[in-house]
Every structure is written in C-alpha cells, then in structure tokens.
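In the two complexes below, chain A is the common chain; its partner is chain B in one and chain C in the other.
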Partner chain A sequence: MSEFLRALTLNAGYNAALVAVGAALLGAAGGAAGTFVGLRRRALATDAAAHATLPGVAAAFMLMAWLGGDGRWLPGLLAGSALSAALGMWLADRMAARTRLPEDAAIGAILSTFYGLGVVLLTVIQGMNAGKAAGLSGFLLGQTAGMLRAEALTIAAAGALAGLIAFALRRPMTLVCFDPGHAAAMGVPVRAVDLAIMGLAVGVTVIGLKIVGLVLVVALLIVPPAAARFWTDRVEAMTALAALMGAAAGWIGAALSASAQDMPAGALIVLTAFGLFALSMLAAPRRGALAALAARRAVRRRMLLRQGLAALARGAAPGDAAQLRALRRAGMIGPDGAPTARGLAAAAEVARDMRRRSFLRGGYALDAGLTEFLTRDDGLTPLERMLAPDQLAALDAAMASGGEAP
Partner chain B sequence: MSAACEAAAAAGPARLARDAAAGAAERAGTATMALAPAQGMSVRGLSVSYGRIPAIMDVDADFPLGAMTAIIGPNGAGKSTLLKAALGLVPRLTGEVRVLGRPLERARDLIAYVPQRASVDWEFPARVIDVALMGLYRRKGLWRLFDRNDRRRAMECLAMVGMESFARRQIGELSGGQQQRVFIARALAQDAQAYLLDEPFAGVDAATERAIVAVLRQLRDAGRAVVCVHHDLSTAPVYFDRALLLNRVVVAQGPTAETLTPRNLRLAYGGRLETAATP
Partner chain C sequence: MIDPLIAEISSPEFVQLSLPPMVIGALAAMSCALPGNFLLLRRQSMLADAVSHVALPGIVAAFLLTGSMAGGTMMLGAGAAALVAAGMIEAVRRVGRLEPGAAMGVVFTAMFALGVLMLERTGASGVHLDVEHALYGNLESLIWFDATGWSSAADPRALAGLPAPLWRLAAALAAMAALTRLFWKELTISTFDPGHAQVIGVPVRALSLGLTGATAAAAVAAFDAVGSILVIAMFICPPAAARLCANTLSRQVWLSMLFAALSALVGYVLAGYGPLWLGARGSVSAAGMIAVVSGLILALACVAGPARRRAGGALGAEGR
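This part shows the complex of A and B:
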C-alpha cells in the first residue's frame, strides 16, 4: 500500500513517474476526444483503427531495420501505425459507401484482416532477427517497463496536444455530433469535422499503443466519456469531466502497476477507468442507479401525500396508514392528526390541480388541441411542467368563463 | 417587425427599417405574385439522383420573401430531397440555388434549416438553451464564448415558441411537440432570410401546430421566406400563401388556391386522391 502511495505521489522512481505523467495526459486526451467519438457513434470504427495499427508497426520496423536504423525508434513506429490505421479506416469507409455491405460488417472485416496481417508480419520479424524484435509485441497489450525518457515525453506532449485540439474544436464537433444536417446547412464543413474526430481518435490510439496497447486502447476513448455522461447533461462539462476521469485512471493505473511488480499498466489503467464508470453508474445524481431507486421512493411518497391531501380537501380523514405517515412527515398534519395551516394550503392547491385536470380530461384537452397532454399525463407531474405558460393561462380562462368542469 | 427575437438581433435601426419596407413591399406584391427571383430563394434546373434512380428532375422553384410556401406531393415525390438539395446537403447532379441573388455557398447566414425531428438523437447531452444557442454559431465562430447577450437572445427565441420556462431542461425529457418548438427556436436564433422546414407539423399536437404556424406567420410578415414540406392537404390552403406541387418534377406552383386544384392534385398523385383531395 505504501508502495502504491509512493507511486501515486511520483516518488517510486524516475521511470514510474514518467509513466504516470504520460498515462495521465494520454487518459485526458482519450476522455476529451472520446466524448465526440462516442457522440458521433464511431466507437466500433475506432476499435478497428486500433487493430489496424499492427501491420503498420511491423512494416515500419522492417523498413527502418532495412534502412540500417534502429527498428524500434518510437516516432517511426507510431508514424507507421497511424498510416496503416488511416488506411484501414479509409478502406472500411469505401467498402461501406461503394458496396451493399453494412458499415459494421465492413469495419469488422477490416479490423480482423489488418490484425491478422500484423500478426503474420510480427512472426516474420521474429524469425528474421531474433532478439532485436523484442518489445514489438509489447504494442499488443502495452509495455511500460524500461520506457525511455524521450518516449514518455513524446507520449505526454502528443497527449496534451490531442486534448487541446479536442477542446479547441468542441463547438463545430458538438454541432456535427448533434445534428449534422443542420450543421451542414449553416456551413459547418461536416466532412472536415468528421475527419478531425477520427483523426483525434487515431491520434489517441497511436499515442496509447506503447502504454496501453492496441487491444485495450479503445477503452480510453469509450469508458471515461460513458462515465462522465452520468454526471452531466452538457457536452462541454462532459468533455472536461471525461478528460479528468481519463487522467485519473491513467495516473492511478500507472501507480498501481508501479507498486505491484509485473502488473501490466495498460490493463490496470483500463480497469481503473471501469471502476470510475461503475461508481458513476451507481452513485451519479439523477442518472445513477441509486438515484433512480431514490426517485422511485420519492414518487411513492408524493403519490401518498397527494392522496392524503385530496382526502383532507374533501374534509375526510385519510384512511391509509402510509398516507397518514406521509402527511405527518411533511408537516401537513399535526401529531393529533388535525391538518396544519400548511396542510390546508397544500390541500387547496391539490384540489385546484384536480379541478384543472378533470376539466382537461373532461374534453377541454381535445377542444384546445392538447392531445399530447392526454397521452402524457401521469396525474402527478405539476401542470406547470406539462403545459406551456400560454396553454395554462388559456386553460384557466376557459375554466373561469365556462364555469365548472363538465 | 415586432418579433422580439429579430429585434434583439445584432442589428441597427437601419436593418429593422429595411425589413419593414421589405415586408410592406412583399404584402403589396402577393396580390400579383410577380416577383423577381432575386427577392427570395430561387432554384433553377435542380436534379438529384440516388444511385440510378432520379429523385427530382430539373426543378425550377421560387420561394419569395414575405410568403409561406408549401412543398406538397405524394410519398417518394422528392419533397425532402428538394429541400436538402436546395441547402446543398445532398449532392446535386445539375442546377443552381440562389438566395437574395447570392450563390448558396455565400448565403449560409441567410438560410435556416429545421430538419425532421426524428433525424437527431434526443438523448444527446444538451439542454434546451444549448440547442437554441447552436443557432448562433455563425455569429460566434469557433472561439468566442457565449456571453449574456447571446443567452438573452436565445431566451427570447425560446419565448417566441413558448419554451422559455424549459430552458434548463434536458432535451430528452421533452415531448415531441416541445422538441419541434426547440428546433424552431434554434432556427429563429439564426436570424435568417429564408426558413426551410422539413415537415414541421409531423407528430406534434394541434396546440403546438397552431403555435408554430403563428411564429411562421410572424416571420412571413417580417418579410422572410418560409418554406415547409407539408403533408396535410386540408390545412395547406389555410396556412400557406403559395404551393409547389411536386412528383419528381414540378407539377404546378403558384398561389395556393390556383395550384392545389383537384385537377393538379390528380396530376401529382396519379389520380389516387380523387376522394381525399377534393376540398
């Protein structure tokens, strides 16, 4: 545990600190870019891009070794992986556009074919010059042990850059994700924005190869935004929160890996991100599972209260024990069971609401064209939230002139 | 030109005077319907095809300022396609589009599009006011943050459609009619000259339909061009000044009463409408 705390505070050695900072920036970029990838429904395409990096890595290694250089030079490998990911995306896009193949089938075909080609090339490399190719298979699941300072800096800088681009382009990306037709009509270059979204996705994928590996990297783009969605209804807040959660997952996952020998950083980062997702799913206010449970109980309380108040308004005594409990807890009746001043006011309010509703249901809703009210009314939601102010004013005017409800 | 939303536009009195003049000129002009193509949106020789099948062929159409025009025709007649092609959203085979005499690509801030409500995912993380603010994109560009004036303007546009009290609501919690009102508010925020709406009354209740018609009439009276893909033949003569009857080619266009004659409707609907269409 103390080892974990040391790693968390960057005191577990130089390499561990490099990895933690790099992973945090990578996670932040993944969260920010992933928000738009998810909203544009490109998660599967991004997974295909990740798998399509493998032949690029292998081909870049072979080319660099053939030219007499170091086959493991990271920028060269990353450039190769980005090229083959882009090629895979382009092929899938063309296949879906030019043939009758559905898009997910095209993406699936590209994903597996490119990955298979990559595995074959890796095997060829291992046969060619054993030893030198060591570390190349680390791109599958990520490998942080023995990461060089220059490599960590490259990853950190690229991660920061991708995060900044996502932030800078958030407005056009939001418009295109919500309503591409309307965006295009306003003159937003939809194709260019789509390219930027996929470019960011491929960028994060490529940057993440070294730490998380190509099999798991798509999780950095999907899981933090999914977790962030539970907490907010706004794209900008969701982007920031997803970046924050991605950074936390990267940092904590890297620290966990540094404190437990031989534990792969990539898998721990992804598991940490999933932990944040599970926490969000349970605990988020309004959208979380616990909040849904609480909301259910609250609705029951409000129903009991309304029934009890309706009884008070009729001058009858609420018969139901649960109703009495709800009334007493809300301060509508005193300990002796007699209605309080607040209780009487609330009862009058409920009576007015019931008059309005029965007038609506008695035919006014049809006459006024409020047919949607008839299909949506649950009898409990305040009318102020179901009808526009002008509709409500018209209703009261009709009730006043038309006298009692039919 | 009393519309609160337009009054709040970043525009001086000169613009308001011009709008009023245009509105007056247009109302005078509706009697004769003799309008130069530059006074509104004009489409010339427009053709679109999906694969080998032509969707619309060689369409000439005029959508004048200060008039509400309905695009009417049977299913598959290419009504939505005409709207989308006029906005450059689907590739055109032939033809050109001008708005106030300007080619489409230089007229983006003169047009506002209201797509079909079902075309977007309403679970999208946005509140009602965020959608209205999206209409200000061309004014704000990539970088500038929304300020108090922008928010006030968005609220005024929401008020025009009776949605100001819903501003902070998540859009997924709205009913169909309320969603349509929000879409209209977003278009109002664009402060355009031509408003193109794809079936704005589909799936909304009668009260919302009346509210939307009232807003569209306000726009018309302020001298804007309003164009709707419309399905209901019974309300078309009530709501619209002009009609364009389409079935891949233009069957007829002009003032509604002269265009939607039983004979023209039979020509457009292939005689299948004899009982339903006769007014």
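This part shows the complex of A and C:
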C-alpha cells in the first residue's frame, strides 16, 4: 500500500514517475480524442488501427536492423507502427466504401489480416537473430518494467503533444462532431478535422503501444468517453470529463503497476478505466442505473398511491397490500386503516382529476394545446399541474354545461 | 517440380508433422467461417472479435479453479466467459444506452485485461499457459506420433493417437453444419428481413441468441488449437470474400467453406515451406500466415469479385 502511495505521488523512482506522467497524459489525450471518435461512431475502427500497428513495428525493426542500427530504437518503431496503422485504416475505409461489405466486416478483416502479418513477421525476426527481438513482444501487451529512460521520455513527450493537439483542436472537432453541415457552412474544413480526429486516435494508439500494448490500447479511446457520457449531455463537458478520467486511469494504473512485481501496467490502466466506467454506470445522476431504478420506483409509488386514493374515493377498501402500504406511508390512512382528513381530501382530488380526465378523453373538443397534452400525459400527474389555468377553467365549464362526456 | 512434391507428401514425416495441423487448421477455419456468414450479413462480425478476446480470462480462471490444463476444462472456462461477456455487453448496452461497438469495446478490453492480470499475478504463465499461446495457438505442435505413413489412416490404433483437437473440431464442424442445415430457412429469413420473420412467427430473438451461442462455441473449440488471431480472421475473411463473389446465400456459404479450407492449406504450406523455398531456415507462424492468406483472398475478391458492388451496380448478377 505504501509502495502504491509512493508511486502515486511520483516518489517511486524517476522512470516510474515518467511512466505515470506519460500514461496520464496519454490517457487524457485518449479520452479527449476518443470522445470525438465515438461521436463519429468509429470506436471499433481504432481497434483495427491498433492491431494494424504490429506489421509496422516488425517491418521497422527489420529495416533498422538491416541498415545496421539498433532495431529497437523507439521513435523508429513508432513511426513504422503509425504508418501501418494509417494504411490499415485507409484500406478498411476503402473496402467499406467501394464494396458491399459492411464497415464492421471491413474493420475485422483488416484487423485480423494485419495482425496475422505482424505475427508472421515477428516469427521471421525470431528466426533472424534470436536475442535481439526480445523487446518486440512487449508491444502486444505493453511493458513498462525495464523501460529505458529515453523511451519513457519519448512517451511522456509524445503524450503531452497529443494532449496539446486535442486541446487546441477541441472547438473545430466539437463543431464537426455535432453538426458537420453547420461546421462546413462556418468555414471549418470538415475533412481535415475528421482526418485530425482519426490522426489523433492513431497517435494515441501508437504512443500507447509500449505502455498498454496493442491488444488493449483501444480501451483508452473507448472506455473514458463511455464513462463520461453518463454524467453529461454536453460535448465540451464530456470531452473534459473523458480526458480527466483517462488521465486518472493512466496515473493510477501506472502507479499500481509500479507498486509491486508482476503488475502489468496496460491491464491495470484498462481495469482502472473500467472501474471508473462501472462506477459511472451505477451511480451517475439521471443516466446511471441506480438513478433509473429510483425513478422507476418513484413512478410505481405514485401509481400505487393514486390507485389507493381512487379506491378511497369510491368508498371501497384499497385492494392490495402494496396500495395500503403506500397510503399509510403517505399519511393518507391511519394505523387502523381509516382514512385521515388529508387522505379524504386527496381522494376527492383524485376523483375530480379522474372525472376531468375521462371527460377529456371522452370526446371533449380538443384544441391544439390539449392535443399536445394528451401525447405527454402519464396518467399520474394531476391535471392542475399539467394544464394552464385557462385551459382548466374551459374544461370545467364544458363539464358543467355538458355533464358527463358521451 | 512434381516428383519432389509427391515424395514430400508421401513421406511419413509429412503425415506425422504436417497433415494433422493442416487438417485441424482447415476444420477450425470452416467451423468459424460457417456462422461467420450470418454474422457478416447481420453486421455482427465484431462479435467474433469480442468472443475470442474474452476466452483468455475464462481459460485462466478455469485453470486457477481446477488446476487442470485439460482441453475440456479450458473450453468450459472459455464458454462461461463468453456467456458472461454476452450478458455484460447486453447490460451495458441497455443501461448505458451505448452504441453496440462501444459497448463491446468496453467489455472485451476489461475482460482481457483481467485475464492478463490474473495470468501475471498467479504465476500461471509459468506452466505453459501464456498470452502468446492464446493469441497464436499451437498449430505447429499438433503432431501425430503414431503415424508411420498414409497407411496409418486405415489403422484404428494409429488413428486413436491423432491430436485431440482434431476430433473436437471435426465434431464442431459437424454440429455447425447440422445446425445451419436444420435452421436454414429460419436463419435466412430472420437475417434478411427480421420484421417479416417476426410476423410469420419465426423466433427471431431465440435464433439471434442461438447464433451468438454457436459463435462462442466455434470460437472456443478452435481457440486452443489456432489462437485468437486466426479465429477472428476465419469468422470474417472467408465469408466476406464469398459475399463479394456470390449473390445467393447458399452459394456464399459454400464459397466461404472453400475459401476457409484453401486459406488453411495454402497458409500452412507457405508458413512451413515458404522460408525454405526462399533459402532461409526454420518456419514462420502458421496461424499468422493462414490469416494473411485469407486476407489476400479477400483482397482479390475486393478488386475482382463478381458481386463486389452493392445491389444495383452488381457485375453479372448471378455470379460466375
């Protein structure tokens, strides 16, 4: 635990601190970029990009080794992976546009084919020179243990750059996601911004390879925005929140990983992000599961109360136990089951409301306002709270003159 | 050219070392491609991706619970994980009102991460259970010790020594074929026109669940032998290529079987013998190469498939 706190406060060594900062920046960039990617409904396309990095990594390694350099030079590997990820996404895009295959099939085909090619190239490298290829399999699931200082610096710097770009482009990206037509009319270059969004996603993917690994890096783009969606309906707020959650997941996950042996950073970052998601899904006000449950129970309580009051108004004893319980809890009946004064008044109110409703539905000449009212009537809210006073007065007058509706 | 080929094929080593992986690869490919056809048409191809990712935590959990590495235990674990994942995806989609792609992404990354963490924390990785095995499978190691040559194919004692995944995948393929045949009409109607299917009393929801179950079963049966890359590739690439070459569903399904088997055979040969032909030693990943070949077949279909365009712009309406 204390080890975790030390890592969390960046006191567990220079490299661990760099990794934590890099992961946080990366998480922030991923959350922000992922929001836009998700709004453009391209979430899974980035999974294809992530898997398509593998042949690029392997090819870059082979090229650098063949040129006589160190095959594991990180910037070279990242450049190679970015190229092949972009190629994979472009091919998937072409396939979906030019043939009758649906987009998800194109994405899956590219994902698996490129990944297969990457695995083939990895085995070629293993055959070439056994020892040197050791670092490459770390790209599958990420590997922060034993990371070189230069690598950690590269990742932290690239993460900061991606975060900056996402921050700088947030307005045009929001516009394009929200209303591409309007954005174009305002002079925003929609295609360029779209490219920037996907470019940012590829950037996050590539930078994330070394920490999170290519199988899981897509989570940085999908999970924080999905979690942020529960808390807000506004794009700006959602972007900021997703960036914040991504950063938290990166920071906490990296710290957890640094706190003990055999704690893979990538898996922990993803699980932390999922924890935030689960928390949001459960507890967010209005959109969360608990809020939805509470709202459903409130409706049920109101319904039981109304049914019970209607029974009281008819002079009958409420039928079932649930209704009695609701009445008792609301103070409408006493412990002995006899209606209280408040209960009688409320029952009369409900009876009047029911008479009005049945008259309203029974053929009273509806004006436009009342027609609109019928579409949003839940049958529970008293008419007095739903209709304007003049509408209500007109209704009562019609009832008085015409008696019961036909 | 022909003589050395015949000599190679008729050698006992070929029957021992190369034949079983080729047959297993082809069986796995066809078992996955069969339900893949319907997933493709229902735009659920990525389900295969999700299912093959969540198999890892299932397998690790099964190992930790039972301490056994037996095929049956692993399959039960993977199957249970697939069910959990399907339930979670549905829950996230309903409660969170997320688009299906994002819901899937949230669930399968979390479950895969959990699998990786369990593997690392418990030291299960020390006992021949590792992520790379899950990703690549172990096709090359499935060999037939008891074979002395082609004559062994008629020898019951030798046949009993065939690698277990072969029988499992043969059973899986037979089951997939029987199910497809049995529910052909219902599957077709509910795939192309779910509304109409509902009206005429086809149990659309049950069929959809059944297809998900069949997908999970095929993936789980194939997973151990060929790994998750190949599972995803075989669910998607052969049916997609067949879709671009055929305008009727039955022709598409048959073609997908052909493409799947072809990918497995050509891919295995290229992986095993390709480096030798290029003058290098050793071999490359067979699962990876099979995936690449299936992708190449798809690429070919994309540029030359007779039914590659959308209806209306179709070239040669009835295929070839």
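As a working rule, the second predicted complex is superposed on the first by the 296 of 406 C-alpha atoms of A that agree within 3 Å, B and C clash if a C-alpha of one lies under 4 Å from a C-alpha of the other, contacts with A are read in each partner's own complex, and residues count from 1 in each chain.
The definition used in the following text is that a contact is a pair of C-beta atoms (placed from the backbone, for glycine too) under 8 Å apart; a residue touches a chain by one contact, two chains touch by 3 or more.
This structure is a prediction, so every number in the text was calculated from the model and none was measured.
In the superposed pair of complexes, A:Asn15 makes contact with neither chain B nor chain C.
Shared-chain residue A:Leu122: touches chain C; no touch with chain B. Within the superposed three-chain model, A:Phe277 lies in touch with chain C and out of touch with chain B [touch as defined at top]. In the superposition on chain A, A:Thr154 contacts neither chain B nor chain C. Of the two partner chains placed by the overlay, neither chain B nor chain C lies in contact with A:Thr340. Residue contacts after overlaying the shared chain place A:Arg229 against chain B and chain C alike.
After superposition on the shared chain, chain A has more residues touched by C, the comparison being chain B against chain C. In the superposition on chain A, A:Gly38 contacts chain C only, with no contact to chain B. Shared contact residues on chain A (touching chain B in one structure, chain C in the other): 229. Interface residues of chain B facing chain A in the complex, by the touch rule stated above, are 84, 87-89, 105, 108-109, 111-115, 119-121, 124-127, 130-131, 134, 137-138, 140, 142-143, 162-163, 165, 170, 175-177, 186, 190, 196, 204-211.
Of all residues in chain C, only 40, 43-46, 48-49, 53, 92, 95-99, 101-106, 109-110, 112-114, 116-117, 120-121, 123, 131-132, 135-136, 229-230, 232-233, 235-237, 239-240, 243-244, 271, 275, 280-285, 287-292, 294-296, 298, 302, 305, 307-311 touch chain A in the complex they form.
Considering their complex, residues 39, 168-169, 171-172, 174-175, 177-179, 181-188, 229, 232-235, 238, 368-373, 376, 384, 388-391 of chain A touch chain B.
Here chain A touches chain C in the complex through residues 38, 41, 43-44, 47, 95, 98-102, 104-120, 122-124, 127, 137, 140-141, 215-216, 218-219, 222-223, 225-226, 229-230, 262-264, 266-268, 270-271, 274, 277, 281, 287, 289, 292, going by the rule given at the top.
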